[in-house]
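Following: one structure in structure tokens, then a few remarks.
By letter and in written order, the chains are A, B, C and D; residue numbering begins at 1 in each of them.
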Amino acid sequence: MNPLFRMHPDGTASRASRVFGLVLLVAVAVFLAVALVISPPDSGPNASENSMGDLVRIMYVHVPVAVACYTAFFVTAVASVAYLVRRSEGWDLLAAASAEVGVVFTVLTLATGSVWGHIAWGTWWEWDPRLTSTLLMLIVYIGYLALRGAVLDPVVRARRAAVVGLVAFANVPIVHYSVDWWRGIHQPATISRLDPTIDGLKLFALMFGMLVAIAVYVWLMVHRFRLEFVRARLEEQGLDTALAERRAEAETASGANPVTAPKGAS
Amino acid sequence: MSILRDAGLILGKDLRLEMRTRVIAGQVVPFGLLVLVLFAFALDPDRRVLSEATPGLFWLAVLFSTLLALQRAFEVEAGDGVPDALRLSGLDPAGIFLGKVAGLVVHMLVLEIVLLAGVTLFYGTTPHAALLLVVTCLAATAGLAAVGSLYGILSAGMRVRDTLLPLLMLPVVAPVLISATQAFAAAYRQASGSGWRWFGLLVVFALLYLVIGMVAFESLLEES
Amino acid sequence: MDVNTDGPDDRDLEDGGLDLTPRTPPAGAAVGRTRSMRRWGAVGVLVGLVAVVAFVAVQARGASLYYRNADEAVAQRESLGRDRFRLQGVVVGESVDDGNAKVFQVAYRGVSVTVRHTGKEPALFKPGLPVVAEGSWNAAGTEFDSDRLLVKHTEDYKKADTGDYEQQHPDRVPANDADSDTDPTQAPSRGERPDAS
Amino acid sequence: MEPVVNFRQAVCLLGRFPALAGVDLTVGAGEIVLLAGPNGAGKTTVLRACAGLVTVVDGEARVLGVDLRADPRPVRQRVGLLGHSSGLYADLSVAENVAFWARAGRSRPADVDAAMARLGLDGRLAGVAVGRLSAGQRRRVALAVLVARRPELWLLDEPHAALDQQGRDLVDSLMGDAVAAGATVLVVSHELDRASSVAHRTVHLAGGTSVETAGTAAGAGSQPHPVELVP
């Protein structure tokens, strides 16, 4: 393996992921400066029809973490399909790692959205299709993680989790298009349309935020994946010991019987 | 069709089991009625509130009772060596799935008939579009049973089955709850036009999960 | 006694015609069947998913679960009675505070409704932005009594440009020109429009 | 002709525990082979692996010409497993249980009746719920299901346990009849005297590995081969 990606023996970092992490740290700092200071508030002569003032800055976090949670659940679904086809452990671990980070980002999405809703709409929570479906999506993936925590045998766990991870993804398009299909308080899409209704530094802050959020997701996911991978290797090491111990049982058993030649001499 | 033959065998077995034990008739159906009564206590004996909320309360009562029926249906299959016996039996896994779904549908339809009588009597609501009511029950029940059987086998053989099953299943059946409630609300009002749209959604949901269950059941039946 | 010709012939009378000759199923039949079924099943799931998305997009969109637009609220005034519902429309003109309530107009597709709101209003509340008001028609059916007001801000974060405002937002009504709207398709609901003045 | 069971250094895991740590086992067609060994030696796991219920993760394993490592499912319908658990629905009657499992395996009704009669279940017991039977009676019902399905390979896990004297004799005669009719039997038993009098050969397991093969091929009902006589 390329030494750049070789994991440190005492952790889950490789040289590449460390550099990635440092770059990410700088990027987050720059992003915060752009989002909170440099980009203009939505007021004054250049204000939009909503003229949200400084409130608009919540969007630079809210939308990117939402996009990151979509990404995470998409990766979980793809990895689940790949597991069902290839039946290899790595895909299963990838699906798990991605779902776990996705759940964190979904919680962040709901939390930032709630703050926004309180200020802009006038309520912390509203039974709007987008909000309701996002909450259901969160619970579905919490159930996915609960299932993974409940089954012990790794093969059984992988198989069942893959089915749930695939079926659960049906939520994601529903969440995304709920604002177009049904009436709700949540605004429709701003950038994922042919004529984005945002421009200038605001657009830059939003796009930069998405880049950073997805990078943070990747960084977290890689480390979560490696942790699971190391854990699986640890269990495998235990397996070799267990096999040796199991065979030793036979040696003692046959040792009691002087006539038999022990097996496994080959 | 060997799938249908196997489904028929499982259905016959489940109905016979119910005849012998009367768990659905003697425990689950009374539980559903109890839920209706408790709703009435919780919402004060104001008939207007109750009759307005009837569609939602009815389907919530059905949903809670379904969880009990499901736990019963898969507890039976977790009995003494039965999972192994099923795998060795030569029954088609898709047939087993359809059989379990059919058994659940029969039990739940009985439950729904009793609960419908219950809401008419207790809450004083009378439907205007009986046909819409009946087909909504059929489609919603098929969807609930399909999802329930899929997640029932998924959580089979786990020590935490009884707590995990509701957590996995209830968010997934939320569309059934919404659609069935809306269709019922339309059936209880004079205008049932929008109800048929919701009925369509229920049919699509049920078909989707029946197909998913038939495909995934074999994989889930292994090593439970 | 049922004697099976392909069975062993050394059975005694006690075994009640028991035939233990192994049955051999046609080789590979079951496996081949499930394999091909699973492949078709996977296709079925994909088709099903597409069908669901298409169905939801076509059939369930626009379902009036969450709010009614001002024109619908006016058209359904009879059947709504005093039921609680949410009313959506764009705030038109300045609001007047009459001491215990805030009174303003909301409009949608040229139909406007007078809203009498008691309670808090969100920070973003201002003319030109859509709002969702929760409440019911008053006893006379002339005004909408609301006790909960939410601002439904738009997705537009570009510099506000009033030039092509109407062209961009055909469903919104800028300042009080609802009366000049002569769109014939809106005629039936306009006929029931309560007097805004 | 290929042996009915052919294991070469087969490894099976139960969770993380290597229940089988390299088993060599060959059972020819028409043989009755006795698996012996101390508790926890992996005997039951060998039977379950032969039935395609436990995945073989390493080594070589073929049963009835089916490669268990590739896909164990095709073998399942062709074997009959009598395990520690009965695989019966406790709330259904004896007759209903046998009928259901036999129909599931596409047995003929005549085979079901004959099996019930042979195991003494056609009388009063037929209508009793399985949950009210004694362990030995439940064993008989499970055996009836196995017999009615007429499998090619019989996998019997301590078939004598919990049975009365008459039941034990019945099991022995059934094994003999099965082999005479062309089936193959792999039996696990702790009653070595009784079992080895029926078995043609004994294979010893310990610590999840096969430690020796004893005995020579002989006809059913031949002289007993006490294990102590191993050269």
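Criterion: contacts are C-beta pairs under 8 Å (C-beta built on N, C-alpha and C of every residue); 3 or more make two chains touch, one makes a residue touch a chain.
Since the model is a prediction, treat every value here as computed from it, not as a measurement.
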item: Most centrally placed chain - per-chain CA mean versus overall CA mean; value: B
item: Chain at maximum distance from subunit D, centres defined as averaged CA atoms; value: C
item: Interchain centroid distance [CA atoms averaged], subunit B/subunit C, Å; value: 25
item: Where subunit A and subunit B are represented by their mean Cα positions, the distance between them in whole Å; value: 33
item: Averaged-CA centre spacing for the pair subunit D and subunit A, given as whole angstrom; value: 48
item: Between subunit C and subunit A, distance of the C-alpha-averaged centres to the nearest whole Å; value: 29
item: Multi-chain contact residues (two or more partners), subunit C; value: 25, 30, 34, 49, 52, 56, 60, 63, 65
item: Residues of subunit D touching at least two other chains; value: 55, 77
item: Multi-chain contact residues (two or more partners), subunit A; value: 153, 155
item: Subunit A residues within the subunit D interface of the complex; value: 152-153, 155, 235, 238-239, 242-243, 246-254, 257, 259-264
item: Residue ranges of subunit B in contact with subunit C within the complex; value: 2, 90, 92-94, 182, 194, 197, 200-201, 204-205, 207-208, 211-212, 214-215, 218
item: Subunit C to subunit B touching residues, read off their complex; value: 25, 30, 33-34, 37-38, 41-42, 44-45, 48-49, 51-52, 55-56, 59-60, 63, 65
item: Residue ranges of subunit D touching subunit A (in the complex, touch as defined); value: 11, 13, 15-18, 21-22, 24, 37-38, 41, 55, 204, 206-212, 230-231
item: Subunit A to subunit C touching residues, read off their complex; value: 42, 45-52, 55-56, 59, 119-123, 126-129, 170, 173-174, 177, 180-185, 187-190, 197-199, 202
